[in-house]
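Chain nomenclature is as follows: A, B, C, D, E and F, assigned in order of appearance, with residue numbering initiated at 1 for each chain independently.
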Amino acid sequence: MPSNLRDRLQTETLITAWSGIPDLLTVELLAAQPYDAVTLDMQHGGHDEASVLRSLPMVLGRNRHALVRIPVGRFDMASRALDFGAEAVIAPMINSVADAQVFAAAMKYPPLGERSWGATFAMSRRGYAGDALSWLRNGNQDTLAIAMIETRPALEALDGILAVPGIDGVLVGPSDFSIAWSNGTLVDPALEDAMGAFVDIAARAKAANKLAATYVVDPVLCGRFESMGYSLIAC
Amino acid sequence: MPSNLRDRLQTETLITAWSGIPDLLTVELLAAQPYDAVTLDMQHGGHDEASVLRSLPMVLGRNRHALVRIPVGRFDMASRALDFGAEAVIAPMINSVADAQVFAAAMKYPPLGERSWGATFAMSRRGYAGDALSWLRNGNQDTLAIAMIETRPALEALDGILAVPGIDGVLVGPSDFSIAWSNGTLVDPALEDAMGAFVDIAARAKAANKLAATYVVDPVLCGRFESMGYSLIAC
Amino acid sequence: MPSNLRDRLQTETLITAWSGIPDLLTVELLAAQPYDAVTLDMQHGGHDEASVLRSLPMVLGRNRHALVRIPVGRFDMASRALDFGAEAVIAPMINSVADAQVFAAAMKYPPLGERSWGATFAMSRRGYAGDALSWLRNGNQDTLAIAMIETRPALEALDGILAVPGIDGVLVGPSDFSIAWSNGTLVDPALEDAMGAFVDIAARAKAANKLAATYVVDPVLCGRFESMGYSLIAC
Amino acid sequence: MPSNLRDRLQTETLITAWSGIPDLLTVELLAAQPYDAVTLDMQHGGHDEASVLRSLPMVLGRNRHALVRIPVGRFDMASRALDFGAEAVIAPMINSVADAQVFAAAMKYPPLGERSWGATFAMSRRGYAGDALSWLRNGNQDTLAIAMIETRPALEALDGILAVPGIDGVLVGPSDFSIAWSNGTLVDPALEDAMGAFVDIAARAKAANKLAATYVVDPVLCGRFESMGYSLIAC
Amino acid sequence: MPSNLRDRLQTETLITAWSGIPDLLTVELLAAQPYDAVTLDMQHGGHDEASVLRSLPMVLGRNRHALVRIPVGRFDMASRALDFGAEAVIAPMINSVADAQVFAAAMKYPPLGERSWGATFAMSRRGYAGDALSWLRNGNQDTLAIAMIETRPALEALDGILAVPGIDGVLVGPSDFSIAWSNGTLVDPALEDAMGAFVDIAARAKAANKLAATYVVDPVLCGRFESMGYSLIAC
Amino acid sequence: MPSNLRDRLQTETLITAWSGIPDLLTVELLAAQPYDAVTLDMQHGGHDEASVLRSLPMVLGRNRHALVRIPVGRFDMASRALDFGAEAVIAPMINSVADAQVFAAAMKYPPLGERSWGATFAMSRRGYAGDALSWLRNGNQDTLAIAMIETRPALEALDGILAVPGIDGVLVGPSDFSIAWSNGTLVDPALEDAMGAFVDIAARAKAANKLAATYVVDPVLCGRFESMGYSLIAC
C-alpha cells in the first residue's frame, strides 16, 4: 500500500477513479490504470457490501488508495467499509451538523466516536494483523471521513460541519449542487454560476484545516478545481 | 419498454408478478409469463441490491413494468432502486405522514423531494442515455412512490399520507392488515371483516386522485378487488 | 432441527461458532463441527443479505441453531434474518431503552411488536410450511432478540433494557466494552477490570429472567464465563 | 438422508424433480416439494460446477436423493459431481460401449474404475466424515452411473452398454430419441412409434439386472412408463 | 432481436464487441454501445457457463447479436451456448477436418449433426417458446458454427474444413497466426507477412460460400479487412 | 510477486497451502498465512473457472506463488489457468506419455507447444502489461507444467513422461497411489509400502533435471519427503 492517504493529501493532489460496476474484475482493471485511488460507489454506482468486501483487496493489492461512497444515511455501512479495509468513506447528503455528527460517530473509535471494534479484514489487508493496539491508536488518524456538500442547507451549515470532530474533509457534489442552485430546473456539474460557491467551499475547508475534494465530470476542469484548492479529485 | 406505468394505470388494471427468489434467471422466467409487471421483493422476498440491479434488465428486456419493494425504512434503497431502473417503489409500513414524507423525499428530485442525481443505470435502461435534462424533467412523473397501508395507525393517517406531495399511491398489505385488525390473533389476507376497510381505502385514494393497489393471495379475489377500484394487483 | 433454542438455554450452556466469511461452503464447514449453533456476523464479519439467506439452510440442515448478528441500527435486517430462518438475532450497540424498543418491535409480531408478516423462507426451513397460524402463535416465542451491551451508557440503562418486552437477553461485547472501560486507551476482551461488570450483567439478566450471552476470544475463559451465568457463549 | 438410492430402486418407483435453474434457492424450493429426488441438469439446464456444489446440500438437507446430469462427454465432471455429494450421475449421449467404459471409469474407484480419491465434500455431506476406508469400500456401490440411451447407435449397442462393469442403469432420453427415430423431422417425447423401443429398453435393462429410468414430459404417461418397468422417472 | 445474423451477413459487414469480463453488467454496457453484436469470450476472456447464461439476455435485450467463443475443444459448451441463446459459436484451434466435424456435430441437430434437444432457455429468449417444431426446423439455419483458423495445419486443411457440412464460416485468429507464421518468434496481429494468407482465406471462404470473419486489434485495419471480404469483424 | 517459482525451486523447498473452498475471501485468508504458495484445487476441491479467475489476484497480491490443479483431462483449463495468472498448473492422472504430451501442448507457446495467445489477465497480474513480446519469450519458462503420478501405469511410463518437452516436473498423488498400490483395498497417503516408489520417483525426476513435488497429509512427514528430494510440498 502507498503511504498514508491523509499524509499524501497534505502535499499532493490525488486523482481517484470512480467505480460504479460492482464487479471485482472491473475494479481490478481500474486499479491497474495510473490513478492514485479507486472509489467504490454504493450510492449511485452498483456496489454493495459483497462487492466492496471483495473489491477492496483488488485496489490495495495494486497499491492504490481505497475509498468507498456509502448510500444516503447508511452509517452502519460507513463502519463496515472501514472494517473491510477502506481508507476513506464518503457520505452523501450531509446537510446539517447533526448529519455530520452521526457520520463521524460511525467512523471514529471512542472516545472521539462510537465505532465498534472488529476490523479483522482491514487489519489483515492494511498490515496490522496481530497488532490490535496499534490499530486502535492509529485507526482514527488512518481513516478519513469525507462529508458531501451538495445542497443549500449543507452550504449554510458548512462551517459547523467542518468543525465537527472526526470530520476530515468535504467533497462537493457538483450535479446535485447544480440542481439545488437552479431549484431543480437543470443539472450541470460544470455550472458556471456555482463556481463561486465551489471556491468558497474550498477556502473554508482550508481555513478549517480540512480536506476539500470534488467530482469532476469534464476532465478539462480538473486544473481549475485544483487551483481552487481541491486536492482529491474524482475524474 | 411498454408505455409509462402511470399512464397505463389511468385506464387499465394491471397485474404484477411477485418475485421472492433473488436470482435473475428466475426473474426472467416470471417476466416471460403474461404479466404486466414484475415486483422484486426486498422486504419478505430474498432480493438484495445485487439481485435487483441484475434482475431489472430481465424485466425491462421483456417489456414488463418493473417494481421494487424495499425493506421497512430503507429509503436509501428507494433511491437506489430508481437509479437501477425501477419504475415504481413500494415502501412497507408507512404508518404516518412523517413516514410518507421521508419516503417521498427519497423518491423525487428537488424541489419536490431530495433524491440525489446519478441514475446512470436507469438512464441507459429506460432510454434516456445522454439526455440528462429530459430525465430530470420527467423523473418525478415517470416514477411511482407507493406507500403500504397495513396497520391501524396507517389507516388513521391515510388522508394525510395521500396528501403528501410525491406519494403516488397506496398498496394495501392484507396479511399484516389482518393481524392488526385481529390484534395479533390471526393472519388471513382474505379476512372478510377487513373488506369494508379495503373498500374505504380505495375510495379515499381515488378521491385523492392517487393509485390504489393491493396484494391478492387467492386469485379468486382479483375481480372483487378490481371492482373496489384497485388498479394494480399483485397475484 | 434441534429442539427450540430458548428451551435448551434454560438448562444447557450452548457454544456457538462465529462465521465471518460470507460464503455458504465455509458456513457448511463450521456447521459440520461439533458446535451447538452458528452465528452469521453481519456487523464485523462479511455476511450480507445474500450470504445469510443462502447460509442459513447449511446451518439448519446440519441440525445447528442459527443466529445472525446485524449491523448497528439495521433493524430492517433483524426482521429479514428471521424471515430467512434465523432463530435469534443479535443487535450490536443497544445503548438505551429506546434502542431496545426499536429492536424488539422489529423482532416480534403484533401486538408485542411490529414485525411484518411474510416469512415464507423461514416457515419452509423451520417446519411450518402451510401452517400460518401456528407460525404466528409461536413466532415470538420461537425467536430470540438479543441486545448487545458494550458501552457505559448501555450498562447504565441495563435494567431498563432488560425490562423491554420482547427483549429476550443480552450479549456482552467484551472488546468494545474494554475500549469503553478504558476510555479508548486499550482493547482487551479479557480485561480483568471489566470482570466485575460482567458478573453484574449476568446477575441482573438472571434476575430479569433473561438470557446472558457473551463472546469469548480466549477459550480458556469459557468456564469462567459459564460460572458467571452466561449460557450462550461464542468461541 | 434417506436410505440408499440403489436399495430403494429395488422395490420402489421413484420420482425425481428436474432442476434447470442454477440457483440453490430454487433447488431448495424443489427439494421442499414431495419428490423423492432432485436432478441437477448441467446438460440442457443451467447448472454449472458452482451451482451443483452449492445446491447439493439443499437437496440432501431435505432428505432427498441427489442426482446430477453432466454435459455430453464431460466425464471429469462425473467424478466431481460424486466428490460434491451426488448419489447418481446421468451421462447423456452414451452411444457406444466405449462411451460407457469411459463413463464408468470416471464413476468407480479402482480396480473397477479409475476414479480419483478426494471426496472431502461428499464424505462430510453423506455421513462418512473421518471414515475413509468405509467410503472407499462402499463408494462404488453407493453411487449410480446412469447412461442415457437416446440415439439409434445407442439402441444398437444397448446390450453391450448394459454389460459394462460399473454401468448401473440406463435412462431413455425421449426427445432426442424421437428426433433420431424420425430422422430429424420431428420432436415428440411421447412419440407413439417409439413406445415399442421403450418397452424393449426397459426389458433388456431388467434382463441385465440394471436400472431403467426415463424422463416424462407429460405426467399422464408416468403410469405407462412405470408399467413398462421404469423405476426412476423424471417428471 | 434484430433480423437473423446469417441473413444480415449476406449483405452487411457487422462489427462485434468482444467481452472478456465475465460480468453481466459489463456486458450490458457493451451491448448499449452501437455495435452490431457482442461476443462473449470463454477462451481467453473470463467468461464461464454461469456468466454466459446470465449475459446473453443482456445482449439480446438490447437487440444485439450474441456470439460465444468456447475454450479449445470444449464442444459440450458449443451445444450449451446455443441452448442458452447464442446465435453463433466460435471454436478456436480448428486445425483439421476432424476438429471441424466434431464441432459441427455439437452445433447441428440430426441428421446434419448430433446436437441434443433441450434448448429451453434459447427458445424463450429467441422467441420460440412453445413452438418446438419450428425451433427444430430452423435451428441449424439460425445458428452459425464458426471455426477459427490460426495455425499452419489449419491453413493447409482450410478447403476441407470449409467443406464440412454444418461449418458456416471461419474466423482468422491473427495473433496466434502470427506466432505460427513466425515459428514462435513474434506476436503481431497486424503482421504484414500474413496479409497474403488473410486475403487467401477470405477468398477461399467466399468460394465455398461461407462466412469469413476476423479479429482486428487495431481499428485502422478494419477497412482493409473488410475489403478483403471479411464481413464479421471483432474490434 | 516473489521471484520466479522455477528459480526458487532450484534452491529452496517450498510449501504450498491447498485451497478447496472456491471463495476468494477464504483464499485471501490462506494467502495471509506464511505459506510460500497457494494451490487452487479444481479436481477434488470446489474451485471453478470463476473462483480461480477471482482468487488468483488474492494470492499474487499477497506475494505468494499461485498454482492451479485442473480436473482430469481438462487441458483447456490448463491454458486458461495460465491466462488468468497462475504460475504453475498441476494435471492429475497423467498416466502415459500421450497424456503428458497433450498437457504440455496446452501449457507451452509454439513451437514447444500449442498454447493459444491471449493472456490479458495474466499479463496485467504478473507485470507484463503492454509488453507482449517479453511475455511470449518468457512465457514457457515462467510457467510450470506439473504432471501427477498416481497410478501404476504412470509409474511405468515415468521416464517417458519426464522426457516430454514442456513437462517441468511431477507431483506424486499419495492417496490415489496407495489405492493403486493396494489394488483398491485401502487408502493411506502415508503407506509405508509405497515409500520406496516415492524415493524412486524423486530420484528419477532429479536425474531428468525436473521438479519433484508431493502432497503430504500428515505434516510430520514433510521432512521425510524433503529429504527424498521433493522440493514443492503441499501441506
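The rule is short, and it goes like this: contacts are C-beta pairs under 8 Å (C-beta built on N, C-alpha and C of every residue); 3 or more make two chains touch, one makes a residue touch a chain.
Note that the structure is predicted; figures quoted are calculated from it, not measured.
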item	value
Touching chain C and also chain D, the following chains	B, F
Of B-D and E-F, pair with higher C-beta contact tally	E-F
Centre-of-Cα separation between chain C and chain B, whole angstrom	33
Chain A and chain E: spacing of chain centres that average the CA atoms, whole Å	44
Residue list for chain E, restricted to those that touch at least two other chains	22, 25, 46, 48, 50, 53
Pairs of chains, among all present, that meet the touch criterion	A-B, A-C, A-E, A-F, B-C, B-D, B-E, C-D, C-F, D-E, D-F, E-F
Residues of chain D that touch chain B when the two form their complex	21-23, 25-26, 29, 46
Complex interface listing, chain E residues touching chain F	20, 22, 43-46, 48, 50-51, 71-74, 92-93, 150-151, 173, 175-176, 179-180, 183-184, 186-187
Residues on chain A engaged by chain F in the complex (per definition of touch)	24-25, 28, 32, 53-54, 57-58, 60-62, 124, 129
Partner chain A, residues of chain B touching it in the complex	48-50, 53, 75-77, 79-80, 83-84, 106, 109-112, 114, 116-121, 132-133, 136
